[in-house]
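Below: a set of structures, written as structure tokens.
Below, chain A partners chain B and then partners chain C, in two separate complexes.
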Partner chain A sequence: MNAQTWWLLLEGAWTTAWISGVAIAIGVVAGLAIALVRMARIPVIDQVLVIYISLARATPLVTLVLFIFLVAPTFGIVMNRNIAGIMALTLNTAAFNAEIWRAAFLSFSREQKEAALACGMTNGVIFRRIMLPQMFTTSLPGLVNEMSFLIKGSPAIAVIGIVDLTRVTNRISAVTYEPLPPILAAAALYMIIISMLLKLQDMAEKKANRLTM
Partner chain B sequence: MPDLPAVAIERLSKSFNGIEVLRDVDLTVNRGEVVSILGSSGSGKSTLLRCINWLEQPDRGAIRIGGQRIGVDDNGRRMPARELAALRAKTGMVFQSFNLWPHLTVLHNVTEAPIHVKGVAKKEAVRTARELLDKVGMAHKMEAYPYTLSGGQKQRVAIARALAMSPEVILFDEPTSALDPELVGEVLGVMKDLSAEGYTMVVVTHEMEFARAVSDQVVFLDKGIIIERAAPEQFFTAPETERVRKFLELKQ
Partner chain C sequence: MTEWDIIWAARDDFLYGFANTLVIFALSALLAFVLGCVIVYLLEGPKSGPRTLLRWLINIMRTLPFLILAYLLYYGLPTLGVRLDAWTAGVGALIVYHGAYFAELLRGARVVLPGGTVEAARAYGFTTFTMFMRIILPQLLIRTRPLIGNQLVICLKDTAFLTIITVQELTAAANSVQSTYFIPLEAFVVVIALYWLISICLEVTIKQLGRFGKKRGFEHA
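== the complex of A and B ==
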């Protein structure tokens, strides 16, 4: 493996990292928004979200990526590959995140909420100041798990021609006829990306000790 | 309006799943008064207390905090959430299980509501919190998180948190029932100090000595009905009903 193959690999790693990163960032917030709306139990909207969540969780990523990329033109939308990839990853991860956030809502301590109500807090203040900081800490392990699944599932975006970290190994071995070295190198790069996420999990666990009363 | 009572409860009734837990309860708590609510478990005392700040919604009857009706208006319309919150802010509550917010330090547990409900400036909120924590003997633990505290310490912080909103009345829901016996005294001591300072308090408790020493009025609930109300001396030395006599004998 020469410098040029390493450079190609790093480019692939960057593509994987930023596309997944954008999907994760949107997906975590969207998941929270979905969970919030679901807690309000608005008729029709609630059912629509339930259907979305079960569909998104059941659909393979590859299928979702292809579907978005191929269906968009029939609606006259010219879809950039990267945007299609990000949309597919986001739709997938948001559904899983919504369930993680919802579990955190449902298990939140009624006593703490009552203490906040008794102090005169409105639901908005309770959510922002009391619930969200704790829900974030307790949900982070689950969210980080989902993030690492997303990154490991992200090679699906290669089906629409995005050259991510996995796709780039094929390209390299097509030239060198030695598939193993670039694949091992890619594995190492995936590990580095995911180990950074696991750091987050450690931080959350340290904070979570406080919450055990 | 200085002569309006801090809390006025009229003909309050409440059922859970068809079981009546409060029936036609009338209770007036004047400013500066300490009212103890006694009764055996399941007599409705906690429910009565929790109706006062609308954590439970009564089926019938009216509750007024400093003259202002809580929860519904006189036409039975529900109070807007914002107004309800503002009225709740005038009542402090201390819970049996403390209910501190575990992600915040002792100091921030006390400053949270003044800053984010009342809009008090941070510096001022911290200064008040420091005074209050000093009053309950917890100033040395300001930077600690709740999980590091004993039950008695947690409850004293919870009392400071309630005081921080300068409420017109403080509701105590069995504040010492979850404490180890040796920690009960420190919490009751703080409560005695508060009554001596003239705070208006409604206390649901099983601590007979405390009720006798501190109350201006003792109320006894049995199956959701107030069957006896009296000054503490009279209540403890010459109860009118057989039910109370039995209750007091068992508590001896």
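== the complex of A and C ==
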């Protein structure tokens, strides 16, 4: 393993990181939006979202990535690989995040809401000032856990030819004929990324527990 | 001929892929589960060097993507002189990976298991093995039922990764049908519906088992 292979590996790690990062950012917000819409219990939309969540949880990421990337052209949409990858990861993670946010909604204390109403706050203000900050703290461990699941699922984007941290090992071994070292190095990089997230989850859990005290 | 007629004509491909996915899933889930139970059994007892090592290995699995492990077995092992075909490497990777996750789930439940039943079993002179099989394991299984259900769905989804190391499973079937006839939408709709079907069956089964747990008064809090 020379400097160049390490450089290629780091490039792969960067691809994995930025695509996952974008998917996480959109997925967390989209999950919140879905949870909000579901809490409103609008007749048809609610059922549609339930089906979406159930489907997204059952569909393997590899299948979803291929589906989005291959089906888009039949509708006349020119699909960029990276965008297809981000879309698939986002659709997947948003469904899980929606359930995490919804659990935080359902467990939010009624007393606080009533107190805020009694103080003359409108629903929007209650949500922004009272509910969201606390829900964020209580959901954070779950959200971070989902982030590490997303990174562990991210090699699925390799199936449409994105050169991520997993796929790059094929490229390197095609030149060096030694597949073992790059795969082990990639594994080490994944371990670093995901260990950091697990550490973050631990810290988030401690903070959430302090809130419930 | 419409697209759906083509799908129907290619049903053998889908059925073959579906059967292969089911076999891979059933075999690896079962063996991973057994492996998880064996690991938790081996962790039973005071702290020691090998047990710490075992916990380390579980934690390593928890920080790796499944595909990297499959790569390691399929592309990496031949360097060491062990050549596995794609199917064996894939199933082996699923077993090891999910075995570690099952072990972690059960271990989590073991840590919070009240000590009374274990002490009582010891007082009655149970050996560690009989105690584990008859007292500890049943309680752990009933308590971790929902988590095991989740893990099974994750295991099912991970079987799709094997298409990347050229295993002919369900996703690979969709991919080959769509590339032959250029009908990606229909091919993938069928396949996603099949995955959905399996996971719904899994969820229903786990719920049914929950009734059994409730009857015994073991519902997970």
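As a convention for this text, the second predicted complex is superposed on the first by the 201 of 213 C-alpha atoms of A that agree within 3 Å, B and C clash if a C-alpha of one lies under 4 Å from a C-alpha of the other, contacts with A are read in each partner's own complex, and residues count from 1 in each chain.
Following the convention adopted for this analysis, a residue touches a chain if its C-beta (ideal position, glycine included) is under 8 Å from a C-beta of that chain, and two chains touch if they have at least 3 such contacts.
Treat the numbers as computed from the prediction; the structure is a model and nothing was measured.
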(request) Check the residue A:Met191 against both partner chains and state whether it touches chain B (first), chain C (second), both, or neither. (result) second
(request) Answer with first, second, both or neither: which of chain B and chain C does A:Thr122 touch in the superposed model? (result) first
(message) On the A-aligned overlay, A:Ile77 touches which partner chain: chain B = first, chain C = second, or both, or neither?
(response) neither
(request) Name the contact category of A:Val48: first (chain B only), second (chain C only), both, or neither. (result) neither
(message) In the overlaid three-chain picture, which partner chain does A:Ala25 touch, first (chain B) or second (chain C), both, or neither?
(response) neither
(message) Output check: A:Leu61 vs chain B and chain C. Expected answer is one of first, second, both, neither. What do you get?
(response) second
(request) Tell me which of chain B and chain C touches more residues of chain A. (result) C
(message) According to the stated criteria, A:Pro155 is in contact with first (chain B), second (chain C), both, or neither; which is it?
(response) second
(request) Return the residues of chain A at which the contacts from chain B and from chain C coincide. (result) none
(message) Looking at the complex, which residues from chain B come into contact with chain A?
(response) 53, 55, 81-82, 85-93, 95, 97, 99-103, 112-113, 116-118, 145-147, 158, 161-162, 165, 171
(message) Show me the residue ranges of chain A that touch chain C in the complex, using the header's touch definition.
(response) 54-55, 57-64, 66-67, 70-71, 74, 151-156, 158-159, 166, 169-170, 173, 178-180, 183-184, 186-187, 190-191, 194-195, 198
(request) In the complex, go through chain A and note every residue touching chain B. (result) 109, 111-112, 114-123, 125, 129-130, 133-134, 137, 207, 209-213
(message) If we count contacts the way the header does, which residues on chain C are in touch with chain A in the complex?
(response) 60, 62-68, 71-72, 75-76, 78-80, 153, 156-161, 163-164, 170-171, 174-175, 178, 184-185, 188, 191-192, 195-196, 198-200
